[in-house]
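Dropping the structures in below, format is structure tokens.
Across the two complexes that follow, chain A remains constant while its partner is chain B and subsequently chain C.
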Partner chain A sequence: MAISTIAKGPSPTRRAPSRGRSRYRRSETAWGYAFVLPAIALFAVMGVYTIVYGFSLSFASWNGFTPEWRWVGLKNYADLLWADPQYAPLVHQAALNTMWVMIAVPVLTVLVSFPLAVLLNSVRRLKTVLRSVYFLPHVTSGIAVYFAWVYVLQPDGAINLLLRSLGLGSLQQPQGFLGNPTTALPTLIVITVWTSVPVAMLLYLASLQAVDPSLIEAARVDGASTWQVTRRIVWPLLRPITAIVVLLALRDSLQGFQTFLIMTNGGPGNHTNVLGLQTYRLAFLSQLSPTLGLSSALGWMLFVGALVLAAINVRVLRRVT
Partner chain B sequence: MSTDTLRPAATGAPDTGRPARGSRVHLSLSTVLARGTVGVLLLLYAAISLYPFLWMVSAAFKDEIEVVSGGHLIPHRPTLRTLTETWNELHFFDYFLNSLKVTGLTVLLVLVIYSAAGYAFSVLHFPGRKALYRLFLALLFVPGVTVLLPVVLLENKLGLLGGHWGLILPFVNGTAPLSILLMTNAFSSIPGELREAARVDGASELRIFTTIYLPLSRPVLITIAVLTAIPTWNEYLLTRVSLNDPEAYTLPIALQNLQSSAVLHYNVLMAGALIVVVPVIILFIAAQRYFVNGLIGAVKS
Partner chain C sequence: MAVLVALALTATAAACGGDSDDSSSSGKTLVMWTFKQSHVKALEKVAEGFAQETGVTVKVEAYGPDDVFVTKVQAAAQTKNLPDLFEVHTTGDDFAWGAAGLLTDLAKDVDDAWLNSYLPTVRQDGLVNDEFYQKSLAQDAKTKGIQVGQRWSVPLTIGTFGIVYANKQRLTDAGVTTAPTTWEDFISTLQKVKAKNPDNGGVTIGFKAPTTGLEWFMQPMAYGLLGPDKFHALFGKDKSSNFSSPAGTQVLETYGQITPYWQAGTQSLDIDAADLAFAQGKSSFDIGGTFTLAFLAQNGMDPSNVVTFPVPAPANGAVKDLSLAPFTLTGVSVSATTKNRDGAIQWLKYLAKADVSATFAKEALDIPPTDLGADPSTAVGPVLGAMIASFGSGPSAYNPGDTSYRPGAYDGVPVASTLMDFSPLKKKSAADTGAQMAKQIDAFWAKQ
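Right, the complex of A and B next:
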């Protein structure tokens, strides 16, 4: 889970300029531009250019090899949404899978990370060690750990072994958890949650430590139980953090696909194909078919989805805080 | 909720004010149960967190025959051969150096470029700075997958594709929003009097920046370095589509290659995975204090 959108710092103009400063000093202006120049230059090439280029490509048909683009207007968008008999069904299934991920991952992440943070906050010993252990999945998140998961999930892997030794042999998956069409998507969801819990847990932990202890003390004096305090006081106080955790998870579920690419590549069948992965496939795995424009269009639809989520994010946060 | 919840008072036992020795020793049964349950649950999740790593280590120390028979976490005939062979015969040292180069240069550039930008955004007054600052933050919303294809096409035109700079430049640009945000926050919290005093003494902006602002922001610089280094070390998508020449491979791609080789040996694959993961874990442990506190700070501010 990305931590990039969490921080909400002071604006750069927090220090009100003194009165005599209403006009910019020349030397300061020159220094200012000199200091931001490298960032701007890199952004102009790697950022602005690619964004503009990618956006115009979404209105064209191109296979990456022919010298000319063929302009098709909004056809790419229509093809993806309903018109094309080959791609529209793929996109529909990917959208359905993405929807399941977007429902399950945020809910499960909150259900695991909130109690975990509350429990961790209640112990004194081993707190730092456990915090680091819990954080490990986030730090190592990448191809190495996904291969380790593939290894334990394979037909004669450690998960099946564990189930057998616990007497839950009926839950074993003889084809492996990723080979069975019904278990593949839920398994990937669990692994996504496994990697998104660490940051969520840390966010909860940080704000638990900021909760005013006198509030809890007062509830205790009134005879509230641990459960009641957690449910009626702590949980409502941490609602803004829950909003952030949910929206980060939503965003990552909408756009993230690395786990899916590495572990199943969308299979079996298309049962774990998600929109991000479909975008990637149209861009890099369709050889000479002219699908680069389609890929770009799908990418921009995901971008619009992210913007809508961000807008909801702002509104929800304003309401709950 | 704090440790209070687990004190006897919380479970209905009379609160004797100061913890008399007796009340500490004779914990009520329900308290013991509650503490035990908390401990068990915490350890259970620790096990879930570590689960794939344990098997990764286990397989990396097994030989080819034993990894197939599987079934047990502790290798019966532990061997270092799998690790050394993976390291030597598959040229992992070369890939390791490539990864180190890409990650090191990315971190260096991020620190230089965005600390300068953060300085400008937080203390220098110049026309357009607010708009520029907002522009960089708005980038947070552009999804990686949307620009992946244009980046590759652009680099192809510029002749950067396939080389390490073709990875480093987009990686650096990708951290712009977060790095600028953290740097600007850090510099804004440094009292302006320091800068005024230095200016009166005739110091240039560059001098003020390098001798006052940078040293005072060391924790934030370390946080950004770690936050940049870890994902860069693990990066896979752009690397996979841009590198063709095995000489340029970074560790994740070398690992991917192991997996797609004709005969898959899980002990070799897990040994490779271990080689990829260990440096990140070492970095994480070494910088833990800054990293975690930096994250918490980002939340609180």
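Right, the complex of A and C next:
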């Protein structure tokens, strides 16, 4: 009974440490909140607010100046997809160009970066120097580099000069590589690949260095050639990395537009317009037209597209790993 | 991307919010924003005289190019951090911003005495008339909200598009001693100069902004070829007279004669780069406006080595003596949030004085809206003076500022991009291009 009373009743000997722990916990919790609060506030302002603001804008017509938005419901989405004869054809053409970019950039990035990584992995001397050299495009990417490319690709630029000096004059582009509608988009794709290869190559290189050497050695003992080792052992082992590289390249192709904006602004004519650029044009280059809502709607459609791609990628990743 | 757009607006707005001292000022300092770098020094120079006269200082800040300027104003409007004054595209930015409540209505301030300072042809520019009001009612109109009788700006510079700049030395070398007066003469001149200078004898224009080809080059020629009524009908709904008609095809085929003479790569150049190519001798002709001269001079082109002439009409065209009518290119507006409205109005009146206007023009190499007397060359130099002397009026003068014949929500960019597929890109025939252009213009009429 006595035992029971002690067990059920308040115990002066146990109360004090319990109160101390509670005080300690409250103080710890307060500090925790204090540390997290700036991040939450920042996310609330820069994240939640802008997401809600941007999403609401996609249902309105606004030119960025008037005090009030004009609500149009789903009209912006319909106009972009089919209803408006002014905007829908632009979006369709931009979607087609984006599709080519989304196909070509991931494929070319893998085709260039994987062999490059394999080669770099097999090099015995100057490996660090070469790795830095190949990583340069990523480090230096930016407006200045794209402007430099514009000069290089002009009719009197270095590429035409090089082709002429090599006796390949027939491959020259008299209007410049960006001035010819047939070569402009492929040229921009190549530049995009040029900027995405370094990261892809680094990912491959890191994975190559983690491949168990005994696997390769065993294959060699069995008489496998370098090609067979790469094709049958290394490539399958690196499939998860390939999936990541493809996803990154797809995302860049879908949403990235800075190369296109700086180098061609969608031209000549509209031959290199892509969805990201079209979104930007509707937001900031529409000569005061009330198209910020259309821009937002197109942005959300791109977001949904990116989400679908990410979901597909997750499934693919699960399968290959 | 939607988030990016919202974030960009918010971030820019936030960035501007922190420097309220740099924008609208109170007391003795006015802040004026402009998108024209070439106007900064000129405005600062006349502002010195204004400060001496009134004690009010004007601080001029340039934000360019145009789209950056517009974004800057967008952000500043959101944070209520506007400057006291803006340089604006007349009947463009001023009406849109006026309708949005960003500007002060100047209708009651600008009296007859003030208006008489300006040339008669530009006195009404900046004022909302019934035509502009009716256009503002269209769906997606940029100026929705303006009312008849409101004045949102007063003129600062006038001029026109459709001016051909030619390298005088190269013309002389090719045996051309006088400026072409007909389209055929022009093509023949191009042929001669190109033969003499195969690598740099062509024409540049800033096709990266596709409307330059349409509005600065083809439209003046088309006006001369067809005459006012048939030219206006090109932008109409009637298939028998719009761009899809035989008249439209004729215009496009005539315009297409220029195709062999475009400087290689001009389709990839923006306006400044095209002007720069001409200034650097990479081309022998450049299409621009009266405002182009200042940029060329700033970039090392000797004005005495420049011959200018308006885009000419074909010899058998409906208008025999085609000229270009000047209109107000830029004006000055007062923001609705200025704390020194009286000082701002004083500054506008000061800019309209003939001597102040001439000083500004000489410094900026641009054309003022005031009367420069019988010989404008003494005030603004021989090249600009010659351009002013060649201005015309009436039905034989093409006025790029007259947009009454186009639908209210008209946007030249898609139409001009289609035109590029014909020339210089050679991707479409004249008939296909005309049909496509007509279809695009019809889409704007549908929103009327």
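Observations
Here is the rule we use: the second predicted complex is superposed on the first by the 297 of 321 C-alpha atoms of A that agree within 3 Å, B and C clash if a C-alpha of one lies under 4 Å from a C-alpha of the other, contacts with A are read in each partner's own complex, and residues count from 1 in each chain.
In the analysis below, a residue touches a chain if its C-beta (ideal position, glycine included) is under 8 Å from a C-beta of that chain, and two chains touch if they have at least 3 such contacts.
Predicted model only: the values in this text are computed from it and were never measured.
Of the two partner chains, neither chain B nor chain C is touched by A:Gln228. When the two complexes are overlaid on their common chain A, residue A:Phe303 makes contact with chain B and with chain C alike. By the document's definition of touching, both partners, chain B and chain C, reach A:Tyr53.
Between chain B and chain C, more residues of chain A are touched by B.
Applying the stated contact rule after C-alpha superposition, one finds that A:Ser295 touches each of chain B and chain C.
Contacts of chain A with chain B, set against its contacts with chain C after fitting on chain A, overlap at residues 46, 49-51, 53-54, 57, 64, 156, 255, 276, 279-280, 283-284, 292, 295-296, 299-300, 302-303.
Those residues of chain C whose C-beta lies close enough to touch chain A in the complex are 1-10, 67, 70-71, 73-74, 77, 92-93, 96-97, 99-102, 140, 142, 144-145, 207-208, 210, 264-268, 270, 282, 409, 411, 413-414, 417-418, 420-421, 424-425, 427, 439-440, 442-444, 446. The residues of chain B lying in touch with chain A in their complex are 1-6, 9-10, 34, 38-39, 41-42, 45-46, 48-53, 55-56, 59, 70-71, 73, 112-114, 116-117, 119-122, 124-127, 129-130, 132-133, 136, 139-154, 169-170, 172-173, 176-178, 180-182, 184-185, 188, 192, 205-206, 209, 227, 230, 233-237, 241, 252, 255-256, 259, 266, 269-270, 272-274, 276-277, 280-281, 284-285, 288, 292, 295-296, 298-301. Residues of chain A that touch chain C in their complex: 46, 49-51, 53-55, 57-58, 61, 63-67, 84-86, 90, 150, 154-156, 174-176, 178-179, 181, 255, 264-265, 267-270, 276, 279-280, 283-292, 295-300, 302-303. Every residue of chain A that touches chain B in the complex is listed here, in rising order: 3-15, 17, 21, 24-25, 28-29, 31-33, 35-36, 38-40, 42-43, 45-47, 49-51, 53-54, 57, 64, 112, 115-116, 118-124, 126, 130-137, 139-145, 147-149, 151-152, 156-158, 161, 194, 199, 202-203, 205-208, 210-211, 213, 216-217, 220, 225-226, 229-230, 234, 241, 254-255, 257-258, 261-262, 276, 279-280, 283-284, 292, 295-296, 299-300, 302-303, 306-307, 310.
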